[in-house]
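Just passing along the structure, written as structure tokens.
Should a chain be cited, it is by its letter among A, B, C and D, assigned in written order, with residues numbered from 1 in that chain.
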Amino acid sequence: MNLTDYRRTARAWLVANTPSDDRPQGDPTARAKEFMAKLYDAGYSGITWPRQWGGQGLTQAEERAFAAEATHFTLPLYVFSIGLGMTGPTLVDRGTDEQRARFVRPLLRGEEIWCQLFSEPGAGSDVAALQTRAVRDGGGWIVSGQKVWTSVAQYADWGLLLARTDVDVPKHKGLTMFVVDMRHPGVTVRPLRDMSGRANFNEIFFDDVPIPDEHRVGEVNDGWSVAVTTLLHERLSISAGVGMGGQKDNPASVAALREVLDTSDPLVRDELVELHIRSRALALFNQRLAQETNAGVFPGARGSAAKLLLAELYLFQADLATRLAGPASVVGGHPLGHALSLAPGMALGGGTNEIMRNIIGDRVLNLPPEPRVDKTVPFKDLKVGTQT
Amino acid sequence: MNLTDYRRTARAWLVANTPSDDRPQGDPTARAKEFMAKLYDAGYSGITWPRQWGGQGLTQAEERAFAAEATHFTLPLYVFSIGLGMTGPTLVDRGTDEQRARFVRPLLRGEEIWCQLFSEPGAGSDVAALQTRAVRDGGGWIVSGQKVWTSVAQYADWGLLLARTDVDVPKHKGLTMFVVDMRHPGVTVRPLRDMSGRANFNEIFFDDVPIPDEHRVGEVNDGWSVAVTTLLHERLSISAGVGMGGQKDNPASVAALREVLDTSDPLVRDELVELHIRSRALALFNQRLAQETNAGVFPGARGSAAKLLLAELYLFQADLATRLAGPASVVGGHPLGHALSLAPGMALGGGTNEIMRNIIGDRVLNLPPEPRVDKTVPFKDLKVGTQT
Amino acid sequence: MKLVLSQEQRELRAAVRAFLGAASPLPKVREGYDPEVYARLSGELGLSGLIVAEEYGGAGAGFAELAVVLEETGAALLPGPFLATTFAAIALAEVPDKELLTAIAEGRIAATLAQPSIDLIADEVAGESATVTGTLAQVLSGMEADVLVSPALTGDGVIMVAVELAGEGVTRTALETLDLTRGQARVELAGARARVLGPRTEGGVGDRLAVALAAEQLGVMRAALDAIVAYAKVRVTFGRYIGSYQGVKHKLADMHCKLEQAESIVRYAAWAADESPGELPEAAALAQAYVGRACFEVARDHLLLHGGIGYTWEHDAHLFYKRAKTDEVLLGPPRVHRARLAESLGL
Amino acid sequence: MKLVLSQEQRELRAAVRAFLGAASPLPKVREGYDPEVYARLSGELGLSGLIVAEEYGGAGAGFAELAVVLEETGAALLPGPFLATTFAAIALAEVPDKELLTAIAEGRIAATLAQPSIDLIADEVAGESATVTGTLAQVLSGMEADVLVSPALTGDGVIMVAVELAGEGVTRTALETLDLTRGQARVELAGARARVLGPRTEGGVGDRLAVALAAEQLGVMRAALDAIVAYAKVRVTFGRYIGSYQGVKHKLADMHCKLEQAESIVRYAAWAADESPGELPEAAALAQAYVGRACFEVARDHLLLHGGIGYTWEHDAHLFYKRAKTDEVLLGPPRVHRARLAESLGL
């Protein structure tokens, strides 16, 4: 099938099968699983993944064609986003054949939901400083510790878990990756509310949870290299989305603000011009990166610039909009007040602005690295987390 | 004499003796020396310095009273500023009695002009990385090397010179302070033009210049502690002046700009409001620091905040003013174009903005220091300067 | 001009700080307004009457002292009607009828002040009494205050009135507020009984409100900066305290510079309110224009520098961020202060 | 919309960069305009005729190619009338008389364009000839250009005229310029002979000038960023390369972000000039509003991050700083671009 036909067929399928936007009755996860099964059966799940493990074995071209059509629909895929974007690709890249055979197809068909368990309260930007322990127990492992910032954990059947297996070596060298059963009674999932009041994340507590050695991904103490694979996929899936969602539903966009503000005031007008300039500058940069990607030039670390700029734009525009709108914006659940509460999220998730600036400096501009004090010290002697 | 009388007498003396502002004929240095001698003979030079070495032995109160009166006059003291503000106080604090007896009175009477020789092309912010060598030669020393950023060196009789006397110890531990004869034929003074085209600074080359051991200030290899004394006096004399000069003669001040711009444009007006806000914020901070000092609370490292803010204000206002004034400001020797050329000076002299932020972070906020790689390595093994 | 605190003012600060540290720490702030704390603040510390003239039962102190107190209530994110009552007291000082002022000074009532726009209409004005109708969209501490002070329109011009908020003809609706530590309410008056306080007086009331609010904002920003500086000394990443990275250190230095300037401006504006009425309009507009902005920027950066933990509901960082934004727009969109500053400079 | 360069455009860039690197390195730039370099640029590289239609002797290329070239001349701080001649060619493309355009394309003359305000009066207009009087306060490359293209007022409205700058009735005075790498002149015309080019046409000339200038500014900022990034890799302080300090690294990262956005905008604006006239007014105003500011900020920070050496006359940093500021105000105070942007957005 040529690409035009592929795209036309995909559109027709989406029109026929996407659930309507009306607020549905019943369990949203059950509906999502039902849709995912249809998507899989139609051949639109795992388009570029190997056929052997349940994918379609097609190219980026088909994937992009489907994605382009899908932007016109709201697909109920949220609970699968971690599995499809991060843990699944990691298993395809680094899992054993047994693991691929066991996990990939149910993931692509939406039968099993996945979460990712890397971050900890003491290990945010510095993931490799994590303290969750996995100790040998006969042929398997026993895990204890705490994870945080975990999306969709409340629905998850399986988690991709990074844990410390050796404290006598430097921090990157004593980690191992596992698949953990999120339904085990030793796993406790607690919702974590963010500053806007929403509970989009969870804290996870592991209390002597057993893991069979067959669920180890990669070699013992080689977990960091597996995690790097996962984080690469994470960054790809974030930067693919960065700035593409557009400003359509953003109450702090120029388009929305001009409807509610007095633009006969030259100062108000000039502030909107400034917002327009910044928004357009970033949107055009994102379009340029996308055109480069389509031309086969992968943006790499330059995507961090787009992420940093988006984080700054969110902060700038919610702040500006509330200043312009004045007192009404901070009461009655005003959308601009809500935007202000959400604004820091982009600057704190997926790497802080400081981390982004380090990446740009180190990997785009090739500046000399900072001296590192944490690469050679055995983990047990290293300062980590919060120390009072 | 009580303070009111002291002040009244000082005012009368200044009225009677300050040279008129008319552009004078003849050698300006000769005129400055003549004035300085009169100032000394009237008892207004070295007001707080010990009587024993030629000062007046009075208190800060008299010094401040005289300074307050002197702000109404333009005293021709520029060529003595380094001697009075930095090298003189260093000799009083750290010199031998022989050195004090030899150098202090001629300095206070304006008979001898001083400069300060610390900075080098490879040692700016990091003064202790300097490479000028002083090696033992019989009972004395021989100096070779290059200094830079030296004010009034073209007029100077003496220089306070920091040189390296041991390369086998860490950089701070192998320095020694000397008094060097600037009239020696081995000393070459070359004017150094800044980006505005003025030559306010010099480069100095030392080519096997001998220094007798009696002109060593402090112990051998203890020069850094002497330099700290000098730098403390430098910072005091800068921060005393910071922001006090006011915006009177500044072509980029709100007062000057409102005369030449179209303030009926609301956007122009709002930019001037912004400039007013920043100028007033800093002016009030400076006044508060001055009031604290008068009340006996010494600002210490907080003065670095005032210096940083002044540097940023200069940059901001010259940039803003040229944007508002438009094309005319960049031709014909326009004062705003000139202001733009001078604006970076405050951010680069007396410690860059980055150094100021380090000082504020380390000494005002007591934040943890950066790991230092240069405190323990022998100087000869240390990376310094520019390395291609 | 006096920009440094006197010994007495430093003692006042220490007393208020110690009281709030014990009576209203941040975990308690999350529970909202505690009338008991307000009663003790008025009673034990006498703060509700701080700027009320002695002849009306107050301490007769000036804005320099008020600023010291509001800085501390701001730093503590104190919930409840203390700022609102201060606003009302500032307005009441300008009307002939002083009875309410005495009630405030004695801690008998908490009050609040309507925004400067005139949304109420007074009918049946007869001597000290009138009936008032209209809707106030946002009243600071409207659920907690006992009395509303407001301008109202009559056939004869604008008068100042006071309305008992628990009385008949008054409907109060608590608003959902971004600021989780201090409420606002919508207040509808339908022929509510009002006390006539006298003709409306301008007399720099708006300027004094601006100065009072700036003092609170100074406290909010100081506490936010203190919190993140403290965290930067204990939080480790990549084996080093985060405060040792220039990426963090330099930002904290810039925040410190803003704080130094904000404090200087607040002291100046408070001095002008007390001693130099001619300078007050410019000083007050400057205070809101600079301090309001600086406070939000510092609160925002303090939140961001906390990293992920600062984005959580459980952490206090967002309480400062939200208070700072709410304060920034409390007296109207910030451009009104800049416009008043332009006007006072004759631009 | 096309935001990435084609293979041909990349080759053009490489050719211009190689030529300027050899023929006009920075030490030579300090010596000022070299007519020889301009002649080779026009001749060997054919750049003076780049955007001139083929029927008039040019290469018939678009703004996408012009932007590539101007980015390189900007990065090299090329002295002389190349930008001025490009400005003139943009205006000449819109008048009926094409003879000058051909002369430019063939490298026979360098030209310049008067600012949009109409400062000249044309008398004795007869067919292709007129006499012109008036004063132009600032003419870009006015000493180096051979011909001035300008609007002039007649009794019948505004016409476009061309004046030989070396001719009679023309007095040129070189201005002292902040930008040490490119001159301006005051030009007084007293009954100078002029050639009438046709009626004045608007036709987006101002927008195209804005795009051309933005391309030069992109080059200036790119070269400035490259220079300081290179220095940050070799300059040591406190035993470490300065580029390893976050205080420097994070600032360079922010400058890189500005460069990425500026390039995206320049590509977009050049595409709009070539392909989408409806988008051009907004794109051109955006280009000046964003790129002009970003260029100066990057040039300023590149100078500051050099430390003391960057403040010296001998160092090149100030050449970029001064060119960036001069470019920022070349088409008027920057607020005019923001105002045009507001207008094009219908705000």
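Assume contacts are C-beta pairs under 8 Å (C-beta built on N, C-alpha and C of every residue); 3 or more make two chains touch, one makes a residue touch a chain.
Bear in mind the structure is a predicted one, so any value in this text is a computation, not a measurement.
The chains that touch subunit A as well as subunit D are B, C. At the far end from subunit D, in terms of centres built from Cα atoms, lies C. Computed from the mean C-alpha positions, the centre of subunit C lies at a distance of 53 Å from the centre of subunit D. Separating the CA-averaged centres of subunit B and subunit D is a span of 41 Å. Listed for subunit B are residues 267, 270, 354, 357-358, 371, 373, each touching two or more other chains. Counting partner chains per residue, subunit C has residues 240-241, 245-248, 250, 338 touching two or more of them. Residues 245-247, 250 of subunit D are the ones touching subunit C in the complex. By the touch criterion given at the top, residues 1-4, 229, 232-233, 240-241, 243-246, 248-250, 252-254, 256-257, 260-265, 267-268, 286, 289-290, 338, 341-342, 345, 347 of subunit D touch subunit A in their complex.
Residues 254, 258, 263, 269-270, 272-274, 276-277, 280-282, 284-285, 287-288, 291-292, 295, 297, 302, 305, 308-309, 354, 356-358, 360-362, 364-371 of subunit B are the ones touching subunit C in the complex.
Taken in their complex, subunit A has these residues touching subunit C: 119, 121-122, 124-126, 129, 148-149, 192-195, 197, 265, 267-268, 315, 319, 322-334, 337, 340-341, 344-345, 347-349, 352-354, 357-358, 372-374, 377, 382-388. By the touch rule above, subunit C contacts subunit A in their complex via residues 115, 137-138, 175-179, 184, 231, 234-241, 245, 247-248, 296, 300, 303-304, 307-315, 317-318, 321-322, 325-326, 328-330, 332-335, 338.
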